[in-house]
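In the two complexes that follow, subunit A is the common piece, with subunit B as its partner first and subunit C second.
Now for the complex of A and B:
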């Protein structure tokens, strides 16, 4: 049965829902000590459900920012709960982001396609997300090219601006022109919404278990706050 | 029924830019047709007309009949035409939107609502044809592999008419030959293939018919052998070969790993001062990485590169600005290196003396464009300008990454002549990466051939011929 079949990742929409739930609930109950237990529990839960890499990745930034805000609010307001509230708020943001960090753009696009969300929106989303690494690469290449022309000195803003902005804009225009033409010639049309999906995103027992456990956590938090 | 038929086509972008006047053209199923001609004469416009890009995306005034599979496509939407005609555009890098090869391939299939089971079959077929791994990450592919991926994505849609705009631009000789084999086999199985390509030496054996675009016309070439031979003539080698013992670079067991992926391993060779070195090798063998390491844009993870330009560059703290004045780097894409408002100012950025600027403008045949905006120049002119701007610093070493890619024969000849003139005047050391058999020998005193197994072969100009199989 498909519901019990093993799959590689949590359903993107389910992951998004779980992330948003943790974020909102964490922020609402941030002023309670119980929220700390809820967020810690959610963190452990996410590790167990395969998000361990992202959990480890966010940890250093969370620890540093938490320490700074905790000390600032603890000593600023002379109150332990003020410090804990700030840590909880940061925790809600960081833990809430974890499921979203692991969603492959194409999986999200396909999930939304299955829900008959217009392809213009889903494709726009996919391209926007895919554009980020490309943009990073372009900026790195332009910075490098500036050095080769002797225009990499930030202390000379007039030259720096020209040598960065002009190639950057030209590249962006060229890339977006080519990309737009390429997707149109590969069959995309804003007027048509009858695209098919290569890999269907399904909901299975693991997705439902994760959602139920998060809901149990929310209920416990509401009861023991 | 013909695959493509253009009858008495006239097209103009505006009154000043008339591209075709009463031109006709046809392609039958089962044949590979080459569209040749100088840059800017209308090859891309022709491809855009056949594929419906004109008038749907690019505008202009068109008259005459464009028949695809016997049907007039006047007033037909691009979305309709692209189901009949597949077009593979240039600049593959800018067209990839998915993280994995298989997702990129099925992107087009999803758009045209292909059933799921057929998509899987199409992935298997095109990956097998073009030797792609469907599970590979797209960002880890080399330039040539990305070009293959975009070709695969179009092929998977299953149209019987295929247009390829410079498909060989980033492919090495073996990659180019393999792609042409695939296209020829598709033609034999009933496809109509139209290719726009400047590397006629590679395309020639596979082509059934040739059209020349120019003078507002599309002319069918009767004697294709004569035409092709006139276009693939190698650039004459008329520079004295430099053979000196004085070194400018020495590479000792240089290696480079990026995220555990080994790009280069145990590379050792010397580069003589004042010599012209051509770096050859297949796609993905690490040529670009190697010149990036030599020119200090990237660090080697193993081994050492010794430089003999100036001892001051051996110190831990040295001026990068001074280094790049001594080692000039010219990128494959000129858009990265041009940023001033006029051609003259672009050169003046590195050269203060007016007479020197004039000399450089003369040498690079750019005098008539001195007040033109660099971005409004043609691709070949932009490349010349980039080299001129970098050469303005009088660098001891000039590093060139594919200086002739996508250029027609006339522009290529001009480029090679300028580079050799510059070399003779300044006595610089010139390191060039190229896949272009027409000019490699003309830019070469020493050939360095990188092989996939990490082996390096160092030879002379005669080895360039051997490498390209001439």
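Now for the complex of A and C:
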């Protein structure tokens, strides 16, 4: 049975739902100490469900930022709960981000296709998320080229405009044209209703267990807040 | 002789009048109907999605500033990039729905960072599109693009005020958020709001200039 079959990753829509639930609930109950326990529990839960790499990745940024906000609000308002509230809010954002960080763009697109979301939107989302690492590379390349040419300080508005913004946008336009051409030459159509999904994203016992455990956490938080 | 000249003059005037009427009728017939809604092609979607990716990457600073209790700090951090890139996108894809599409593509990922901002951005995109349709009936004119690029992001300010006023909680008492974010220093809130509007206008101007330059040299085609 597909429901009990082992999968490599959590269903993307389920992961999104879990992430948004943690974020919303964390923000709503941020002013309580119980929210700290809920967020800690969610963090441990996500480690257990295979998100350990993302959990470790966000930890340094969270520790630094939460320390800054905690100290600022603890001493600024002379109240422990004010500091804890800020840490909870940041925690809700960071823990809520973890499931989203692990979603493969293609898996997300497949899930949305299964839900009959218009192909224009799924294509747009796929490009947006896939393009982000490429964008960082392009920025690094342009900055490197600026150094090679001795263009000057990037903080100078004239240099920034002429040596950074213009080459950057030119590059974006070229990439866009090439990408559009390659999509069209492969016969991709945004109006086709008969398109099928290559691999179907299914919901299995692991997804349901994760969701149930998060819901149990939310209920406990609401009861013991 | 005089009669002949009068006849010729009369004939010329008549023919001139007829010609003017005919040309007027022809021009009325040939006048293209303004089509507000146009279908998106794949190249449009790709370009708008890339612009959305730029907005998303540069907007990555948002989670770090969302809880700083200064009204408009999010908009201040994002105004420049959220006016430059939509303006560039609109300069190339002059179709109604472009702003909404860009907002959707980047906003859905913003939902993970700060859900209210996603809602604000989507509402602002709809409002911007509606204003554009009512005033300019599309993005064919450059002024329509520049105005839409400039007004798009500052619209989040009143929406965020509503959020702080009714939804946000601050140490357990609704309404205190307004005191924390606005009331404690109303002058700063007004100043930051003015700065956000100024930066958005500047960003739209920069986006317009960049696009114009690329269109002039033939890199960017409408």
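The rule is simple: the second predicted complex is superposed on the first by the 216 of 225 C-alpha atoms of A that agree within 3 Å, B and C clash if a C-alpha of one lies under 4 Å from a C-alpha of the other, contacts with A are read in each partner's own complex, and residues count from 1 in each chain.
In this section, contacts are C-beta pairs under 8 Å (C-beta built on N, C-alpha and C of every residue); 3 or more make two chains touch, one makes a residue touch a chain.
Worth saying up front: this structure is predicted, and the values here are computed from it rather than measured.
Q: Label the relationship between subunit B and subunit C on subunit A in the superposed model as either fit or clash.
A: Because the two structures are overlaid on the shared chain, the partners are seen to fit without clashing.
Q: Return first, second, both or neither, reflecting whether A:97 touches subunit B, subunit C, both chains, or no partner chain.
A: A:97 contacts subunit C only, not subunit B.
Q: Touch test for A:37: subunit B only (first), subunit C only (second), both, or neither?
A: In the superposition, A:37 contacts neither subunit B nor subunit C.
Q: After the superposition on A, what does A:23 contact: first (subunit B), second (subunit C), both or neither?
A: A:23: touches subunit C, not subunit B.
Q: Which partner does A:82 reach: the first (subunit B), the second (subunit C), both, or neither?
A: Once the two structures are laid over each other on A, A:82 reaches subunit C alone.
Q: I'd like to know which partner A:136 touches here: subunit B for first, subunit C for second, both or neither.
A: Second partner only.
Q: Considering only touches as defined above, state whether A:150 meets subunit B (first), subunit C (second), both or neither.
A: First partner only.
Q: Kindly classify A:179 by the partners it touches after superposition: subunit B alone (first), subunit C alone (second), both, or neither?
A: Both partners, subunit B and subunit C.
Q: Quick one: is A:121 in contact with subunit B, with subunit C, with both, or with neither? Answer first, second, both or neither.
A: In the superposed model, A:121 contacts subunit C only, not subunit B.
Q: Between subunit B (first) and subunit C (second), which, if any, makes contact with A:166: first, second, both or neither?
A: both
Q: Note down the smallest distance between any C-alpha of subunit B and any C-alpha of subunit C in the overlay, whole angstrom.
A: 6 Å.
Q: Mind sorting out which residues of subunit A both subunit B and subunit C touch, each in its own complex?
A: The answer is residues 126-127, 165-166, 170, 174-175, 179, 181, 183-184, 188 of subunit A.
Q: Spell out the residues on subunit A that touch subunit B in their complex, using ranges where they run on.
A: 104-106, 119, 126-127, 130, 133-134, 141-142, 144-145, 147-153, 159, 162-167, 170-171, 174-175, 178-179, 181-189, 191-192, 194-198, 200
Q: Mind listing the subunit C positions that touch subunit A in their complex?
A: These residues of subunit C touch subunit A: 40, 42-43, 45-54, 56-57, 63-64, 66-67, 88, 92, 101, 104-106, 108-109, 111-115, 169-172, 206, 210-211, 213-214, 219-220.
Q: Along subunit A, where are the residues that touch subunit C in the complex?
A: 16, 19-20, 23-24, 27-28, 30-31, 65, 69, 79, 81-82, 85-86, 89-90, 93-94, 96-97, 100, 120-121, 123-129, 131-132, 135-136, 161, 165-166, 169-170, 172-177, 179-181, 183-184, 188, 190
Q: Okay, in this complex, where on subunit B does subunit A touch?
A: So the residues of subunit B touching subunit A come out as 51, 53, 57, 77-79, 82-83, 86-87, 89-91, 94-100, 102-103, 106-116, 119-120, 139, 150, 153-154, 157, 297, 320-321, 324-325, 328-329, 331, 335-340, 349-350, 375, 389-390, 393.
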